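As structure tokens, here come the structures.
Shared between the two complexes below is subunit A, which has subunit B as its partner in the first and subunit C in the second.
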Partner chain A sequence: MFQAKARAEVLKEVVNVVSSLVDEAKFSVNADGLTLRAVDPAHIAMVDLSLGKDAFEEFKADETEIGIDIDKLAQFLKLAKSDDIVDLKHDEDKRRLNIVVGDITRRMSLIDTTGMSDPKVPNLKLDAIITIKGEDLIHGIRASETVSDHIALIANPEGFEMSCEGDMDQVHFRKSKKDLVSLESPSSVRSLFPLEYFSNMLKAVSSGTHVVLHLGNDFPVKMEFTIAGGKGAVRYLLAPRIESGD
Partner chain B sequence: MQEDWTEKYRPRSLSQVVGNESAIRAIRRWAESWAHGVPKVKALILKGEPGIGKTSSALALAYDLKWDVVEMNASDHRNAESIKKVAGIGSMTQTFTLDGEFLSSHSGRRKLIILDEADNLFGREDYGGAKAIVDTIRESSQPILLIANDYYELTRRASALKRLATSVTFRRLDPSAIVVVLRSIAENENVTVSLDTLGKIASNAGGDLRAAINDLQMIVEGRSHLDAEDTDVLGERNQEKELSRALGAMFGAKTVREAQDATLNLDKMPDELEKWIEESIPSEMKDPEDLARAFDALSRSNIYLRRARALQHYGMWSYARTMMTAGVALSRKSGRRPHVSEYRFPSFLIVMSRAKGTRASRKSISSKLAPYFHTSSRMFDESILPYLSKLLTKDRELMVKLGCETELDDGDISNLLHVDSDSSIVKAIRAEIIAIKGEDEVMRKKTPRRKSGRSLAEF
Partner chain C sequence: MGIFTAPAALLISVEPFTSRWMDLSNFSRSQAMIDHSSLFDDILSLDDISSRNSRCAYCKGSKLLCGKDRCPVLARFFSTNRVRGKIDRLNIDGASPPSVFIGRSGYPKVSVGPMIPPFHGDTSLIDTPEKWVGLPIDDIIEFRSSLVRGMHQVDVSDVENSNKLVTRTRELALARTPPEVSAEFSKKPQGRLTLNDDVQPFGPSAPIRKFDISNVKFDRRLEKAFYDTDLLAKDALVSLYHEGALLSSIQRAFSVGAFGIARRRRFVPTRWSITAVDSQLGLRLLEDTKTYPCIDDYRVYETVSLDNRWAILMMPTSWRYELIEAWYPKTAWNPHSDRIAIISDHEFYDGRTTYAQIGGCYYAARLAVNELLSQERRQAGISILRESHPGYILPVGVWNVRENVRAALKNPPKRFSDLNAALVHVSAMMDIPISRWVKNSAILKDALYQRRIDDSWG
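Moving on to the complex of A and B:
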């Protein structure tokens, strides 16, 4: 059983987080809230999202799984204003999610979740931990977007750097330790990532949010931030690009 | 429903793959070349007929080496964009498996990208898809397997594949090899089947192991023991006889379901089946109103086929199938059913195949001249070619000029002028073209060509 009311804004945030990686997703619901874990079709990134029940206006649920076509949900949510209350109700018999916004009711057929994977979040040893304002990170990515399709994230005891080298142009974005919220990088580390994915992951970062990056040497990056005013947490993992020779 | 045996008994290791030893060896060698960094040949094309182990070998390889698999097949949404997104970016990046394990390429953990049915990857017009595959292979740091029934079609779309990828041929399996597989499946499923019966199923399948396993599962369904007569229901696969029987049953059907089911087991693409049905309608139906209704239904089916192809939305095939089978069969309202002993091969296909040469030559001309006329090759072929050809037969100077400006070869010129390609006219024109072109070359060497944009100083 799953029955909840939430502000449209919160659901839009969730959709933003998920849609950057997958088109279809399996939400696991229990009495405490909902969680989602998914790996993208190219098998290079992973999302781990949890939304506590206090992120909702009302929340009642037993343990269940709901498979949702994210595009459909996103389209429907476009009809709602940020402050609108969205009413969600899982119809288990008919395998549908009934969503009500104002005068509109959408009966959305669900996706079969059997065969959808249940990834575990791997335990990776990532030495450098950078906490940076979301705006700063987005700013740095915007500067890089037209230059190349991959971006290097670099951290050392003095600061954090994103560098993007295309065939013709280069962009460097540097923040020294004092301009970061916090920095913990015992040594110098560097990893290269597909820019599009990295930038998509930042789409769901709302202004005023801090983003925590865990970085290693030619190793995945872990990106953490909160959504729904701190009542939800997002963790992304992104695999590094293979640099020639491996 | 029971699990599909072809999935259930898919080999879990290359060593379990039956037959095609040399192909398997080639795949193994290639896979080993990935142990120490990215090798020169990053992609293999596994080519061969359906059901003989191409996809199974690809998956088995991944099992053996504990590689992750990213598989794209025809049922996925496949266009240039999704290929770039999944195969393209995926092939440049290290891997998280669906279980959430991180595979580092430093420790040799690769991600095998399988593009199944690569020859069906893109619709007729979508050249972007072919390019996306070629680019993916060029940029890839991960192993890629392309699987294709029709190697020729695949490389025609993307000729660079011939250089970028090595092809590995899979051959039809020997019936005795198929029997071995069938026997182990039967044992596993606790069914007693005589070797004779298995042999029958195997030889009936014509080297297609998947078909044989499907047949076995179909007959065995819910039984513990099988007699030789049970194979009689199989009918011969892939035979004209089967086709004419199916058509007969379809035209005799009284219900929608019957009509649909009659053609269900044919190994025919819907568009080909449609041509067969089209050819048979006039012999099956004599009443004018019946005929009209039947062709009306067929034309609706044709609309679906066309849309399915144009939009690459093959789900519409099912509507097309219903219209062409049930729609046509149930059009018979008044007329009696004549006795039809034989269904003719579709004349449309005969005509088209006869016209192959002419079509190819027109295409060659259109593709070369269309850009020169600033139009699409289709527009050129329809609206310009006939008139141009008329003009050219009368105006030799124009022909020579056109020959100089474009890449027309002797064959194209002879087709434009409706003469033999080794006739004296063509030779004379060629000589003139060479003379003029040659002069140009000389001129170009003497006076370096001015840059295309004029400098400000000239104004």
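Moving on to the complex of A and C:
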């Protein structure tokens, strides 16, 4: 059983996070709220999202799984203004999610979740922890987008750096420790990542949000930030690119 | 003898009468045209990774990037074609394979019309590229250059035009067997051989005054789609394809605007129609491909044809695809350089949003690999490597890519348990070292360098 009311804005944030990696997703629901864990088709990135029940206006649920076509949901949510209340009701017998916004009701048939795996979150030891303003990070990525298709994230005790080297041009983005929200980097670390993925992950970061990056040497990066005014949490993992012996 | 009627002054100044004259006489028209372009080669760089001189490989005669009004690479072949003078008259009759041609210059006012060889009988082979794999390049050029193209100008949206030239062109495109055609031109057919990268070569062309066709047997399947004016063109393509209609016949009917919602029907220039059909059918198959499980191992399919070597590498990953073409010096699309030009285009799981720079061949090969995958109900990541050696002197059309990839996929593949072993095998059949292929490859780089989230992170 799942029955809830939420502000459209909150649901839009969730859709933004999930659609950056997958088209279809399995949401797990229980009395405390909603969680989702998914890996993109290429197995390069993972998203782990949780939304507490207090992010909703009303929330009632037993443990269940709901498979949603994210595009469909996104399309429907476009009809709602940020402040509109969206009414969600899981119809288990008919395998549908009934969504009401104002005068509109959409009966959305759900995806069969039996074949959808539960990805395991790898256990990673990442030494450097960088907390940076979301806007700053997005700014640095915009600067890199036309230059190359991958980007190096670098941290050392003095600061944080993003470096993008194409065949013709190079872009460097540097923030010293004092310009970051916080920085813990006992040594110097560097990993290279596919830029498109990294940039997609930032799409769901709303302004004013702090982003926490956990970084290692040729290791995946873990990116954390909150959604729904702090009542939801997003963790992304992105696998590095390792150009050995070329 | 033109060369020896040079001004007397020049004759006198050359002393003694030696090899300079020989040089001049060997100095072919194409060389003269090409030399001027070297300046631009240095300035304009389209493939900054591997070679500066690959402009031709991207253009393939279609964009005239060199700034000339005719492609010098193609122009070279107008003078060397051996079938000249065969069709030097105002009327021609013969059995059209069937074949039609829709030009693209002047769009939306384009030239439509039949293509007719000056002989009778079963000419169907001439316009059925599906049957050309294994034929020597000379034979293909020979029979294609016998096709005379009739031209009648019409607006692309005017498919309902009641002019007999238009309706008969359409009837021809819907025919199943070669109908008898007799045509009357207002000028003698001009030109000898028309070549470009997408379309099969064909012979001279002339404005057509009238033509008659008799003995038309319509292809029932094409006819049905033609009369269904509520059926989307896309759906028509797909259902005809699944009914087993040949791609070349679907494309022919597509080009005369035989499919689609009635008021939206258009003539489609032949070269665009080929890629439109390849692309649409490929996308349709790909929708299914993406729902299937991955293949279990690494596979390499291979073939050699018209001095082109093909290796099709399949990897047990989600859908991704690329085509890398390496043009040796002196091949069709690398005439000026002494270096190998390598060009490539790719897509990952979500596909492309822009047209592939390397052109129609990208879509032709994508269709071919998806045919195999959908037949096996499997998904894979695919990298196609093509090494084009100097025996490939002139472009014969996109069919060459599609049919050779299809042919390669008919043979049993070599199977490998890891990527490195597969690449070692590929490197044994290609001259270009693997490192250079990787440098020009997005898919191989991803496979070799991009780690996965489920790798072990110790």
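The rule we apply is simple: the second predicted complex is superposed on the first by the 244 of 246 C-alpha atoms of A that agree within 3 Å, B and C clash if a C-alpha of one lies under 4 Å from a C-alpha of the other, contacts with A are read in each partner's own complex, and residues count from 1 in each chain.
Assume a contact is a pair of C-beta atoms (placed from the backbone, for glycine too) under 8 Å apart; a residue touches a chain by one contact, two chains touch by 3 or more.
Keep in mind that what you see is a predicted model, and the values were worked out from it rather than measured.
Aligning the shared subunit A places subunit B and subunit C in steric conflict. In the superposition on chain A, A:Glu63 makes contact with neither subunit B nor subunit C.
In the superposed pair of complexes, A:Ser117 makes contact with subunit B only, with no contact to subunit C. Contacts of A:Met168 after superposition: subunit C is touched, whereas subunit B is not reached. Judged by the touch definition given at the top, the superposed model places A:Glu184 against neither subunit B nor subunit C.
Within the superposed three-chain model, A:Glu92 lies out of touch with both subunit B and subunit C [touch as defined at top]. Steric collision with subunit B, judged by C-alpha atoms after aligning on chain A, is confined to one stretch of subunit C among 95-103, 167-175, 257-265 or 329-337, namely 95-103. Within subunit A, the residues touching subunit B in one complex and subunit C in the other are 39, 41-46, 119-120, 122, 124, 194, 219-220, 237, 239-242, 244, 246. Only residues 48-49, 290, 317-320, 348-349, 435, 438, 442, 449-457 of subunit C touch subunit A when the two sit together in their complex. Partner subunit C is touched in their complex by these residues of subunit A: 39-46, 119-120, 122-124, 149, 167-168, 194, 219-220, 237-244, 246. Those residues of subunit B whose C-beta lies close enough to touch subunit A in the complex are 37-38, 68, 70, 85-87, 89-90, 92-102, 104-106, 111, 141-142.
Residues 37, 39, 41-46, 117-122, 124, 150, 193-194, 196-197, 218-220, 237, 239-242, 244-246 of subunit A are the ones that touch subunit B when the two sit in their complex.
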